[in-house]
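Note that chain A is present in both complexes that follow, paired respectively with chain B and with chain C.
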Partner chain A sequence: MPTAVRAADTLQLHEQEIKAGLLYNFLKYTNWPPAVMNDGSSTAVCIFGNDPFDGYLQPMAGRTVNQRQITLRMIHRIEDAGTCHLLFINADEKGHWLQLLDSLKGKSVLTVSDFDDFADSGGMIEFGKKDSHINVNLNMEAVTGARLHVQDRLLKLVTVVHSTSSGGEQ
Partner chain B sequence: MDAPAAVYVLTNEDIMRSGATSIPEALRQVPGVQVARVNANSWAISIRGFNGTLDNKLLVLIDGRTVYDPLFSGVYWDIQDTVLEDIDRIEVIRGPGAALWGANAVNGVINIITKKAQDTQGNLASTLAGNQDGMAEGRYGGKLGDDGYYRVYAKYLTRGDEQTLSGGNSHDAQEESRSGFRTDWKGSGDAKDDFTVQGDMYNSGASQYRITSAFTAPFSPLALERLDARGGNMLGRWTRTLSDDSKFTLQSYADYTYRDQLLLKDERSTFDVDAQYELPQLDRHKVTIGGGYRYSVDGLTGTPLISFTNIGEKTQLLSSFIQDKITLEPKTWFLTLGSKFEHNDYTGFEAEPDARLQWHPDEKDMLWTSVSRAVRTPSRLEEDLHIIQATGFSNPFLLSVDTLPNSDLHSEKLTAYELGYRRQWAPDVSSDIAAFYNEYHALSTYTSVGALAGTNPTRIILVRLEPFNNSWAETYGVETVVNWRALDSLNLSASHSLLNMALHGSSSPDATETQSPKYQANLHAAWDVSKNISYDAMLYYASALAAFQVQSHTRLDMRLGWRIMDGLEFDLVGQDLLDSSHQEFTLPLTTPSVLASDINRSVYGKLTWRF
Partner chain C sequence: MRMKPLSIRNILLVTVAALTLIITLLAAQEVVVNWQRLVRIQSLKEAVVISDKLFDATEKLGDERDIAYTVLHAPDRETADSLRARLKESGEAADVAFNVGMEALKEYNFPELQQFRVEIETQLSGIQALRKQIDQAAALPIGQRNNALSDRWFAESTALIMQIQDLWVEFSRHFVDIDPIVTQHLRYKHFLRVISDYTGRQRAIIGRLIVENTDPTPEEFAQLLRGQGIIELSWKMTYVLASQSGLYASVAPYYTDAQSHYQTLYDMVRDIFYVPGARHNASYPIGVDLWLELSSQSKESFDAFRNASLKEIRRYVERLEIQAKQTIALHSLLLFFALALCLYSFRVIIYRVIRPINGMVAALVAATQGKPVAVMPLVANREDEIGKLAKVLHVFQETGERYRALVEASSQIIWTWRPDGTGNMETLFAWWEKTTGLPGNQMLPYGWNSVVHPDDREWTKALWTKAMAIGENYDMEYRLLRHEGGVCWVYVRGIGLKNPDGSVRELVGALNDVTERKEAEAELLAYNRALERSNRELDDFAYIASHDLKEPLRGIHNHSCFLLEDNEGKMDAESVKKLNRLVYLSQRMEHLVNDLLYFSRLGRQELAIQQTDINEVIKDIENTLDHFLAEHKARLHIPVPLPTITCDKPRVTELFRNLITNAVKYNDQPEKTVEIGFLATHASSQGTAYKNVFYVKDNGRGIAPEFHEEIFRIFKRLQNSKDADDGTGVGLTFVKKIVERHGGKIWLESEPGQGTVFYFTLEGANDDTAKTI
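Up next, the complex of A and B:
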């Protein structure tokens, strides 16, 4: 019994590690509008709610991406979300999501989470799980609506949902 | 031209007068063909869209021998060459040529046909030198007995370094030497037999910058790759003319190619035998049937970046076709029905039917329409190869993007609807217009199947891409050509093509709606100034490739020819005179792809001596 629990723990850890690792890639290959980028010198990566990464995100703090330093912040108030560049919403906070979404209107914040239907309800990047794979769904409509631009390098790694082109939806 | 299809024939004169120093460059004149030079040694060529260096849905043949490589469903243009003076014509068919040629003739067929040995008799020596190109070739043609002819040739060429996008040396030069022969003879005896045996061999070396992947910083290093290619082929053909309108042809060839690049080494041997029987006119029916067998075996040597399940693979392809040209009303209405049937090792049985209706209201006009189906069978790359496409640092882990094979991949399918009108307005003015609407289904695009934790090396996130038939598209457009022999000594021709594409399904940036230009236009003036001076001016326009940030481009080429004396001619050629350099294409910066170069303006002088 204890062995089985430990194995499950290990798998759980891997999942969160992968998500934490992919966040860095999102930062690297997303372009924020020039006005936002000129507004300070650090890229704010925020977590709304408790830390779901068990500290795996810590190594990112202080590192540079695209010539800007990364600062990590924990947010508990909806009003503070607008100051972030990337906002990860802990799945436990999904009840507050629609309120958060409303407060982020007009702001260029890249929203990421791992609860079901996140992308369908206006979230930008949703982590899903299938077998032992972590799927990444990107809501293109939401991304472009916030004046964000995702580079081809990142587009290759994700599945686009709610596309804005003349093509069909996935 | 009588064919109910969008056909354009590049004559030997068209090729020589254009000043083109290679087959890809000569193809620029053909309406509807997108020719994009990637660097000194490679080109991306396609018809009606989907241009790229891999998979451009085109079948290319040289004297009946297929030169498209099944490893990635494309053509290595760097090693397709011959003595250009000895090319009789290049027939380009836009649209599915499926009924006679088979799988991969999805968007078109390019058929390069060399002159018969009896038409290349005597000595030919030619050399050219310029800021980019260099070439020296010799050909000798003679008789074989009473009814036979032969020629032998040797050719050496160099393609000089172009520029990197930031103005440096792109180190993409190529040098190639090749030699070959062709013999044609008539059989003795009562039967009317024609025999041809021909062969070539080549050796080529080139270099170019390629983005590779590594598991340590800097992760995506630029490597200068050395590319070595060599090969040879031998082809035999026997044609028995049975009557005025009936003949039987049997053809067989063997082809060996070897290619050694940074990422992999590929050796392939192909053996092909084809038979075709044209039946005599029976009532209203003119039937042609044929069948063929192709056996191909390849050996891949991988590197840490490319691996595969099968090191050597043997594939067999069985194909057959039938075509019936039915006379609905003599000299006026004809209906051609045909189909090709194939069995290949990846997707099994495929049928490609084709129906064409042509109407000749009078001697000057021809109207035609067609509907056809074509397929592109998966390449070995898609079915079998595992490529580490890109690696990077995704703090605090390493990230690796891998493309995986999908052995269950289906063929891509096309249903094409075409309409064309050809008219001889006056003895010296003719036009040809073709419109098309293509529906593509089951297009294969590399799609993410998610990320997981890899173990090799440890602490790595693996993002996996697999090809799936999850895309579909519509393309439509029109191509027009007008030719006017203004004077006995002056010929003017203008062509334009329009291409619209709507792509659906996959969001992969590798397949985009703007990888081929929307507009292309050509103008060609061929002027025989005097008995000894000839002059050609060619203008080529291609609109921008928005997705690749390649700008629209207008290119002006000029050729001045001077016949110094009988058998001795000097040509002065300038290519891309309006720009010192420009970019024509680009490759995705994430895949293990080659760096595209800025193509330089080229000026050269050529001396041709026939004796």
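Up next, the complex of A and C:
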């Protein structure tokens, strides 16, 4: 049914818009260690792999959060990930995740993705769905392990889950 | 009636007092105006706090409105319950904020506020009632709820919010005239409020759509679009107003954060709710909890921005207050200094200017009345203008005193007379009355002339008329008729003093009774005439005598010669000797008579005055005496060229020849020198200095001082000589006569054995070139 397909696509698209917007709130209510924030006056948002937001994230570039400018970077190499504050991993890149996770060890990078089991496998924030609404899971161990601190306001947006995989950061 | 003119002192004092008053009033006015401004700023400060509270109340009410609206449209019990706590919380916060604001407002009794209060109370009680209904409705199952309630709630709560907003705008209006920036701030706050309100409305509408899982109605859609337009415009306006009022620099980080956050939220839902025709079959990818939380978080960013703005505005008002206080302090200080300066000026003017000037004026007035007064002690040792003025006046005063003293000390009668009839004439009048019997008050201008000797009347009157008319100086000696008979000679000199325009200001004169002098002069003249007559008679007598004596002498001489020739060999030796002696004596007698004749001619004949080069004169003499000089081994020496003068050349030639001949003759040196020279000035041994002095100097035997006068006497020789050529002893007498005929003087300096110098002048002792040292 063309109409139904179109409606589903549109819905999918709107989900991506909401996810893109949520990233702003993640940035706003996450505290990075001072050393990480001192390296420049901008906050770097990176997308690993192709842009899953279909350009919806683009307007974010140049806006400010906590009085720091947001910059957007598309990265394709694992070794580039360490310089980001927030790293969104395209679900298509799921295959590189563990490798990526390994490379981010000891780095304070807030990782976000929307593939299944992301939070379970050591990711920090995972977009999911519940009753056709967007649902956000947060792996607290992973967050604290990266020396990040999330504020209460952020917790109001998410469901806190605990990682079951051995990939969880400690 | 003419008012007495103000003295300079009074004018100065009044001026300074007026200036003091003006400066004081101006400064005081500044202080008062700034004080009033300060009071207004302080009230503004309080008003800003109150308006912020009211602002806060509208915010809280907006929150409550939006949440309640969402609750009323909750799809299920679970959703409604999850929001009820939040609703209760926001309702309480709204009440607190509202009460605080209204309480603070009670202190102000602007008339229009009263109306607002009444209306707000009514509206508030309506809201209270609705709250209860909402609470009850929230507990009901979804289908049993009344949609009209939610609409009513939304409308009434919005109306209350608008009312409160109008209230604080109205309230703030009383304070905006204090400062233009405050007006900008008010507008700025207004746009903040608009952003907040419309963001809240959108949140509520979107919340309801999500909750009810429906598509927006056309009205809702229109409301959303319109609200979005207003919000975007308001963001721009806040930016413009913040920039214009100088706020932006302080709030920029909050502004960009809040706007970024708002924009991000809008981006999230734009395609879902704001695009016409894009419908999702009421299937939204976002739950109401997440939506409300996200919009609440966005609101948090906005609140941070709002709070920073309000804080900055309050700080601005505080700065205004500080500035006003500083201005008051500065103006008070200025006022103080202005007063101090004025008082100081007062003091200076009185003590340093007015008093010394008063003193000087009094002193000078006293001085004109002849009282001795001191100007200087008033301004002792002052170097400023007053001091200098006092010194000058002091000099004038002394001059005046000296003038009076001079007048008193003078034997002359000194008077002054001005064309207006005033002047200093008492002494003159007194003398005049005593001498001529003419009363002093009848003297001027022409009365005096009636007692002048008839012969002197006209010319003296003419001189006086001229003096009065053009101030010409005059100088007259005339006779006055004494009232007891006889005449009195007076000598009067008058000096005319003129005004700058040339008119006569004053005549100053001195009168001297010269009767005695005139009588003495007349006597002297008589003596002189007698003497002249006697001299002339004497010269005439000498001339006649010598002329007449020559004839018998010639007879004696001739007859003696005849006797010798006729009786040669007949007379004895003794007789011949006696006859020869007779011939010799008669010859000598003839020389004497000739000399006497010549001498008398010298006195009688006029001088033949001409330009004469004395060098030529000497050269001529040298030629003539060629043999004489050679015979005596004498030499003339002229150290400097001699001048050309006006004189009788033959006489002066004779004068030099006599002196040169004498110098050679009475000289026993083997080498005789005669120096002839000319001195521009020379002092005689008596100490009198003469100009243009000739001298003839020899190295002869010299003359003892006791003979220095003697030698000029006629027929006086210091040595007897048997030689007739040796002269009769008249040479120096001629010399002296020639010098005197030229108005000159002759004297000599000599000692025996030291040589002799004859000095003489030819220009006359009456010439002013000669003077006494």
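FYI, the second predicted complex is superposed on the first by the 162 of 170 C-alpha atoms of A that agree within 3 Å, B and C clash if a C-alpha of one lies under 4 Å from a C-alpha of the other, contacts with A are read in each partner's own complex, and residues count from 1 in each chain.
Just so we're on the same page, a contact is a pair of C-beta atoms (placed from the backbone, for glycine too) under 8 Å apart; a residue touches a chain by one contact, two chains touch by 3 or more.
None of these values were measured; they are calculated from a predicted model.
Engineer: Output check: A:K156 vs chain B and chain C. Expected answer is one of first, second, both, neither. What do you get?
Structural biologist: A:K156 contacts both chain B and chain C.
Engineer: Touch check for A:N66: first (chain B), second (chain C), both, or neither?
Structural biologist: Touch status of A:N66: second partner only.
Engineer: For A:H133, is the partner it touches chain B (first), chain C (second), both, or none of the two (neither)?
Structural biologist: It touches chain B and chain C both.
Engineer: Is A:N38 touching the first partner chain B, the second partner chain C, both, or neither of them?
Structural biologist: neither
Engineer: Looking at A:Y24, would you say it contacts chain B, chain C, both, or neither? Reply first, second, both or neither.
Structural biologist: Both partners, chain B and chain C.
Engineer: So which positions on chain A get touched by both chain B and chain C?
Structural biologist: 14, 17-18, 21-22, 24-25, 28, 56, 59-60, 63, 65, 132-134, 153, 156-157
Engineer: Residues of chain B touching chain A in their complex?
Structural biologist: 390, 392-397, 399, 401, 446-453, 461, 463-465, 502-505, 507-510, 588-590
Engineer: Report the residues of chain A in contact with chain B in the complex, numbered from low to high.
Structural biologist: 14, 17-18, 21-22, 24-25, 28, 56, 59-60, 63, 65, 130, 132-136, 140, 152-153, 155-160, 163, 166-168, 170
Engineer: Could you list, by residue number, the parts of chain A that touch chain C in their complex?
Structural biologist: 7, 10-11, 13-15, 17-18, 20-22, 24-25, 28-29, 56, 59-60, 63-67, 70, 131-134, 153, 156-157
Engineer: Quick check: in the complex, which residue numbers of chain C touch chain A?
Structural biologist: Touching chain A: residues 253-254, 256-257, 259-261, 263-265, 267-272, 278, 280-281, 283-287, 290, 293-294, 297, 300-301 of chain C.
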